[in-house]
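Here come two complexes built around chain A, the first alongside chain B, the second alongside chain C.
Take a look at the complex of A and B:
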């Protein structure tokens, strides 16, 4: 515990800016993963334990595409589109078999795929740490805001995630497809009776969730190291986010992710060894005071 | 006699005589199982086999206790491993820091587990399904983080090293491999017998009712929260016992004992062996340990093999092995009676 360092950071504008930015990028990446998780839970009513694997695949797809083409845009596209396809296949072939089954059964199928996917990545890309490297376009002078150092890439990352959040939010609340998805979450039987193919919606939502997680992985690839099993810590953290925010709530996922990002970045100043512990402590406190999460609806 | 009283009298009769007979049968089976296991060192000098049984004891106690929550009460805990870790660490720390006899450390560890489980359980059991699962997971990770960050006390990521003292007591010398083996077997059988008694007691049937319909149980005047908390603490005690057996076996305690993967393995073991039969988790334990030992010998990609096996059980059988066998036997018997 190092409370002096935390107090020192809080009173220095440079440190405040740096830590807030790093908290925001952690938060935005977490949001992208968590919002997919919460969407899948909200519509399909399954807890996708293998969601972290899509984040991992997104990062590896982006790295490979970047190495092959040298284009950052194509790398992002590969990360997002590749995981969307993967999500669709995974949902249609495997997850669709355990809808309505015991939670335990669903978790187990996902757990099996966590093991399998990690080994598949190990087979294809090798067990060692990999780095995609920062694209040349972003290897420029960092910005100085109030004495704090902010790399331009961080701003891009936060911007892309924000745009994704807004598009998703508006898409779900305004568009026709969004309305159908929300209706399917509420009453799949009725939606099906209206002649809408619910299987297609389920597959689509799963693909969308996978795509968002893949995009997060692709965005993270230039600034994080890649390793088989990298999805798991992200998975656990995004679970904390969805549970804090309330399962199924997109706004909750955003608020939860930002809170958790800030707890992580400022916590690393004051409690360097207990950062993980802080997150869990926060989750416990939230759930004890409000068992359905901050924005969760009370179960009937 | 009113109709109601008549109904009650009818149901009371089998409840009174059934468990009593069953108790003697269970005791007999336990004694035979212990005699067979304990005499094993007389027939084989294989240290590997004895080690295997010790590991089965540790994991078996843990997995069976998890089934009290998952299978009997319908409480899917993702954090049950915390009590396995807590048992191993409490026991190890007490033996290393305080110079007390082993039975004292054993009982002290159970006392610590009771207190910790009561506090954590009081918070967790009022939550439903997936929230319960995640809060237990959060507590598990909280304990894991505490072990890692409190390095001066717990040894941090290096674990509790330097060996745990094993002073002889009552003529039992746990530094002796055969003594350690027989003690582990005794703890396993005693633990299983106690858990069997809990599962077959009226309290055990209350748990099943809560699992099947908590609202109905509540209408019948059962304090659901209290019953859940009680079984949470009881299960924690047996998991903690498993942790102690493990600490005795490796003469140390490591942060992995309290990591989420232990809980994941526990759930997996239960699914593998079956949750609707009492001995299912025990069968699952033996299967998983055998599987782990064999697969790691043949391939470095054991995740794929384990994953495929899990898929086979989850999507193919849709239940654990012993559940499957039990159903098959029942089906055969029904067919036989029908003829």
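Take a look at the complex of A and C:
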């Protein structure tokens, strides 16, 4: 515990800028993964334990596209679009068969696919770690704001995640398809009776969730080493985010992810050996005071 | 009434059954002892963030085993390697090690685990009494601490304290020349990271007493994101940074520190950088990182070392790693010991191995020795230099002096109460 360092940081504008940005980076990346998880749970009522694999595939798709084309934009597109297609296929072929099944069965099926997906990655890209490398456009000096250090690439990352959050929020609340998705989440029988193809909605939502996780993986690829199984740790943190925010709540995922990012960032100053513990402690505090999470709804 | 069993028959049957039973249980051991092939078990990490290093361990072993088998085998017995993935998890490493001996019938063991698993495998070797060479764990205590000592276990990995003595004196010279007084450390939070960092700073301060450690970071092993660690170090504003992160963790750390332009703001001493596994994977390798030699085919600058590196590359289409030479050395030593003992029996190999010196491409003077007193490898090439972003990656390496290493190591052991 180093409370002096934390106090010093909180009273320094340079430290506040650097650590806040660092918290936002960690948080926004987590949000992209967690929001897919919470969306799938909210609509499909499935605890998608294999969600981290889509983050992993997104990173590998992006790296391969970048190696083939040298284009960062195409790499991001490949990461997002590739995992969307993968999500759709996965949902139609496998997950659709366990809807309504016991949660334990769903988790077991998903966990089996975590192992299968890891092996698939190992077979295609090899067991050794890979690096995509930072595109030349972002190999520039960081910005110095109020004495704090902010890398331009991370600003892009925060921006992309924010846009995704806004589009998703507006899309679900304002658009017709958003209303249908919300209706399907609330009462799938009624939606089906109205002649709307719920299978298509479920497939679409799963693909969207996969796409967001894939986009997170693609954005992380230039700065994180790629390895089979890389999705697991991010999955655990995403679960913490969704539990803190409230299962099924997009706003909850955003707030939960940002809070967790800031806890990690400032926690590393004051509690360097207890950063992981802080996250879990925070989760416990939230759940004890509000068992449904910050923005979760009480069961009817 | 018919008696179906007489006492006499029963006794004979019982004796026959006992005999058959004894044969059944004894047969594998008898057969094993007489078998032409000898199985060597090898738990290592073949999946996850450091799989490349585990794979390079396996590659190096197979390269040497082929040579030994072509030359007649281990005291006349062809070697069959049984290699299993521990996934880098200590409990899995211990389970696999036990299974290799008890189920697969391996008579000898190469423990190619990182320190996280090596201590677990060591306990299996202690329990089963199987001959074992630790090839990758560099945590000094594994062989330096007498409490860990068992007669059947050896180590061909470099030892952390050796690296720290050479690294500490090298870094201290630069610290004095450049006035680097404020230092930070960032190392993985497990035995190897803690021990090696402690030993490095011990010798850094010994040779440059003005040095002060102003910040310490201990990220988890295999942590995916180092942003919070990088920014913490930047806040501390050290003049120099020491790290013993390795493999994929080191490359992630470098990629993430790079975009904060960290390498322009301080001198970086990363002991595990000068290994092809990191050098070739990092896309934007910063110039001027100080590193210990891990595996570099130009150090020691001998035809034997270059030839070994090239032979490995010709076979596996990539350069070897630090773990490669450590594993290759294990097979070289085992083969020579078996030859001298004229036996592939683990106990006899262990007896001969104590104090054995062999010719070796990785030796500082062309030889390495398995030191008898603590069963650890000495005399291997050890040095530090600075990186450049292309081959030969570390053009000039300042070699450490083994006389100094021995002196300071003896002092260190005494201070730890090991002698």
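Throughout what follows, the second predicted complex is superposed on the first by the 300 of 300 C-alpha atoms of A that agree within 3 Å, B and C clash if a C-alpha of one lies under 4 Å from a C-alpha of the other, contacts with A are read in each partner's own complex, and residues count from 1 in each chain.
Everything that follows uses one rule, which is that contacts are C-beta pairs under 8 Å (C-beta built on N, C-alpha and C of every residue); 3 or more make two chains touch, one makes a residue touch a chain.
In this text the structure is predicted, and so the values were computed from the model without any measurement.
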{"item": "When chain B and chain C are modelled together on chain A, clash or fit", "value": "fit"}
{"item": "Partner chain in contact with A:273 - chain B first, chain C second, else both or neither", "value": "both"}
{"item": "Touching partner for A:185 - first (chain B), second (chain C), both, neither", "value": "neither"}
{"item": "Contacts of A:128 with chain B and chain C, given as first, second, both or neither", "value": "second"}
{"item": "Touched partner set for A:112, first chain B, second chain C, both or neither", "value": "first"}
{"item": "Superposition-derived angle with apex at the Cα centre of chain A and sides reaching chain B and chain C, degrees in steps of 10", "value": "60"}
{"item": "First (chain B), second (chain C), both or neither touched by A:254", "value": "neither"}
{"item": "First, second, both or neither for A:97, with chain B first and chain C second", "value": "first"}
{"item": "Partner chain(s) touched by A:40 [first = chain B, second = chain C, both, neither]", "value": "neither"}
{"item": "First (chain B), second (chain C), both or neither touched by A:239", "value": "first"}
{"item": "First (chain B), second (chain C), both or neither touched by A:281", "value": "first"}
{"item": "Gap in Å between nearest CA atoms once chain C and chain B share a frame through chain A", "value": "5"}
{"item": "Chain B/chain C common contact set on chain A", "value": "118, 122, 273, 276"}
{"item": "Chain B residues touching chain A - in the complex, by the definition given at the top", "value": "70, 76, 123, 126-131, 133-135, 137-139, 141-142, 144-146, 148-149, 151, 260, 264, 267-268, 271, 275, 301-304, 306-308, 310-311, 313-315, 318"}
{"item": "In the complex, chain A residues that touch chain B", "value": "47, 94, 97-98, 101, 103-105, 107-109, 111-116, 118-120, 122-123, 236, 239-240, 243, 247, 271, 273-274, 276-277, 280-281, 283-284, 287-288, 291-292, 299"}
{"item": "Chain C-facing residues of chain A, complex", "value": "5, 9, 12, 14-15, 18-19, 22, 25-26, 29, 118, 122, 127-134, 138-139, 141-142, 149, 151, 153-154, 220, 222-225, 227-230, 233-234, 264-265, 267-269, 272-273, 275-276"}
{"item": "Partner chain A, residues of chain C touching it in the complex", "value": "46-52, 55, 189, 216-218, 220, 222-225, 227-229, 231-232, 234-235, 247-249, 251-252, 255-256, 258-261, 277, 281-284"}
